[in-house]
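As written, the chains take the letters A, B, C and D, and residue 1 is the first residue of each chain.
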Amino acid sequence: MGGVEERTTGRLAAFTDGVFAIAITLLVLTIRIPEPQEDLGQVLVRQWPAFVAYTISFLAIGVMWVSHHQMFTVIVRTTTTFLFLNILFLLPIAFFPYPTALVATYLLEPSGRTLAVLVYGATSVAIAVMFNVLWGYASRRGLLIPRARPNGLRTRGFSLGPVVYLAGTLAAIVNPFVALAIFAAVTVYWMLPGRLPGR
Amino acid sequence: MGGVEERTTGRLAAFTDGVFAIAITLLVLTIRIPEPQEDLGQVLVRQWPAFVAYTISFLAIGVMWVSHHQMFTVIVRTTTTFLFLNILFLLPIAFFPYPTALVATYLLEPSGRTLAVLVYGATSVAIAVMFNVLWGYASRRGLLIPRARPNGLRTRGFSLGPVVYLAGTLAAIVNPFVALAIFAAVTVYWMLPGRLPGR
Amino acid sequence: MGGVEERTTGRLAAFTDGVFAIAITLLVLTIRIPEPQEDLGQVLVRQWPAFVAYTISFLAIGVMWVSHHQMFTVIVRTTTTFLFLNILFLLPIAFFPYPTALVATYLLEPSGRTLAVLVYGATSVAIAVMFNVLWGYASRRGLLIPRARPNGLRTRGFSLGPVVYLAGTLAAIVNPFVALAIFAAVTVYWMLPGRLPGR
Amino acid sequence: MGGVEERTTGRLAAFTDGVFAIAITLLVLTIRIPEPQEDLGQVLVRQWPAFVAYTISFLAIGVMWVSHHQMFTVIVRTTTTFLFLNILFLLPIAFFPYPTALVATYLLEPSGRTLAVLVYGATSVAIAVMFNVLWGYASRRGLLIPRARPNGLRTRGFSLGPVVYLAGTLAAIVNPFVALAIFAAVTVYWMLPGRLPGR
């Protein structure tokens, strides 16, 4: 290792893919399995917030994975510091099932739903900020492939994320349903061809 | 990535394998662990729907993984849109432990079992449809290896899936046990040598 | 894939490693987390069967993974049928957290512990049998590297597994503690240098 | 395999990355999801030990993964014995969610928190010891790349771990909060550029 601190991104990508894959699959545990004596039809109707939260979070983590994947078609080297920044990036990703469960639990409770969506939004903002931290570090430290030097457009794409998620989070103070609709709309928008930041 | 939007499928396969591996392994959490004061012999007998649901779902996800694996021996390039279609494909895969738990919980309850098997069947139909969406997009966009252009036989193989699962799902309205037997039979049939669609 | 049914084992190994890694890590969920009002010291003492079951199962799945890993240094091709046999092999592996939880729950209950250890042993026998099925199919179908044709010693190594685990399982009828001790001893023995079957 | 027992580390790294990724992502399950009738604001405030435990454990497992990753840029061969040592190394890693849940549950309980932090510390000591066992075996058996023979500095780095964690664990007897602060400080220190042992 000596003085050469830079390495390839193979195991970084494998570990990151693992955390993404587990976080996205653990989401299903946020949907409560009813007891046999409960009426299943009623449960499925009453549980709609859990299905909505599951779908929005699944697509959101999916978009984040594709975005991370995109970023790492351009980032080809890594440093120890970058590995740790990636760990800090993964912290709110792996945390995502918790705010998802809060939204599923409280969306029908007038007293708790604003706070639940605020926690959900704050987690999304943290992830969006960490995307910028990762990208900024990789650009400045020269971890990119030569022909893919950062341009204004790409960087603007990533810096849009925190703004949009912060706006959605603040909207939760007025109306948590509007906030959720914003989160869903942003995710679907980014899934449209050619709309993902960093491309 | 500038104008070049197509990339190799390495990380796509790794992420997909991860979601499949986690979903198939999380199935075991749908089998309730009894309390020490319960009679274990009685519990094991009463829990037979959980063991049946576990086995059918495990083999079904296994067949789906092999099928996805097969498909990606022919699909060798990817686009951002294809990555998102694959995310939409993984959504019902990762959701599978939930309907499995519903079947395990309600199969002995006359009032809930039809609905439980309907949810189970609908999830299977969604997966079968997404197989066709993935395959159709990859064929039309030219993501296949040159010598493996789609032929009628292969495409017919994939389009059979939604029909079979829809038939099984509709059978649940008449008799949920017959529906489960159809799901199990289809899975076992596809495990026989040379029977898997897309080969 | 047309007439060529044989392929390399890359994604098979990746998927299998995923299931092993998840099953071995889910074991920790079989250890109940106490409530704050419980006395932690007493809980830790009373929970010793859970710690024992966790350790034995962790090492057992570890040995199985190393054994699978060993086998696949010699198996270098795969067929669709072999992929499905591997899925059948993974079924009892992924199921392992359930019998582990049964042993943890019932080892101190005179009425249930024999049955709990029997289920645990039967799962181990199933895995040991599937090792032989995998190895037998790979040998007969010529999926091995040329210089590693099966020899009697290797095959005898694998066929020892079911016998040993069956003996341990039958011992549970007399005394479940003796049975667990046999399972632990076999696992530790196979971890000693040069003792693993298939090497 | 015959007489040649040494092999490359590809699947070892993949399996290890899998266990690390699952253990770090399962941590989120240690944060209890409140019931709808509970006041969410109060729950979030009362749950602060769960958030603190989650963050410290997440970063700790992250540092351990980076450290393992570092070690395996130098370790390029493996033996069966080394695979088993790595399994023993992974045992306390995969166990980590349990002591994390104990700390989250008992940190506000004067009667149980010392013991909870002791279990947490003991698990950390076990991991730190296993790092030395892995490194010592790999050095002595010549599994390293030629130009990276162990030097005193590197070895001293790894042997510092058990001492530091043991000191933190013993501090828990006096004050569990001080012990947690030590664990957090050590982890953050190792995340600073150029501070990780083994580099």
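For the reader, a short list of remarks on this structure follows.
Basically, a residue touches a chain if its C-beta (ideal position, glycine included) is under 8 Å from a C-beta of that chain, and two chains touch if they have at least 3 such contacts.
No experiment lies behind these values; they were computed from the predicted model shown.
Superposition of subunit A on subunit D using C-alpha atoms only gives a rotation of 90 degrees, nearest 5.
Homomeric contact subunit B/subunit C is classed as different-residue, with under half of its interface positions used by both copies.
The distance from the centre of subunit C to the centre of subunit D, with each centre set as the mean of the Cα atoms, comes to 25 Å.
Centre-to-centre separation of subunit B and subunit D, using mean CA positions: 35 Å.
The set of subunit A residues that touch two or more partner chains comprises 14, 18, 21-22, 26, 29. Those residues of subunit A lying in contact with subunit D across their complex are 1, 5, 7, 11-12, 14-15, 18-19, 21-23, 26, 29-30, 80-81, 83-84, 87, 90-91, 94-98, 101-102, 105-106, 108-109, 111-112, 115-116, 119. Residues 13-14, 17-18, 20-22, 24-29, 31, 33-36, 39-41, 44, 54-55, 58-59, 62-63, 65-66, 69-70, 72-74, 148, 191, 193-194, 196, 199 of subunit A are the ones that touch subunit B when the two sit in their complex.
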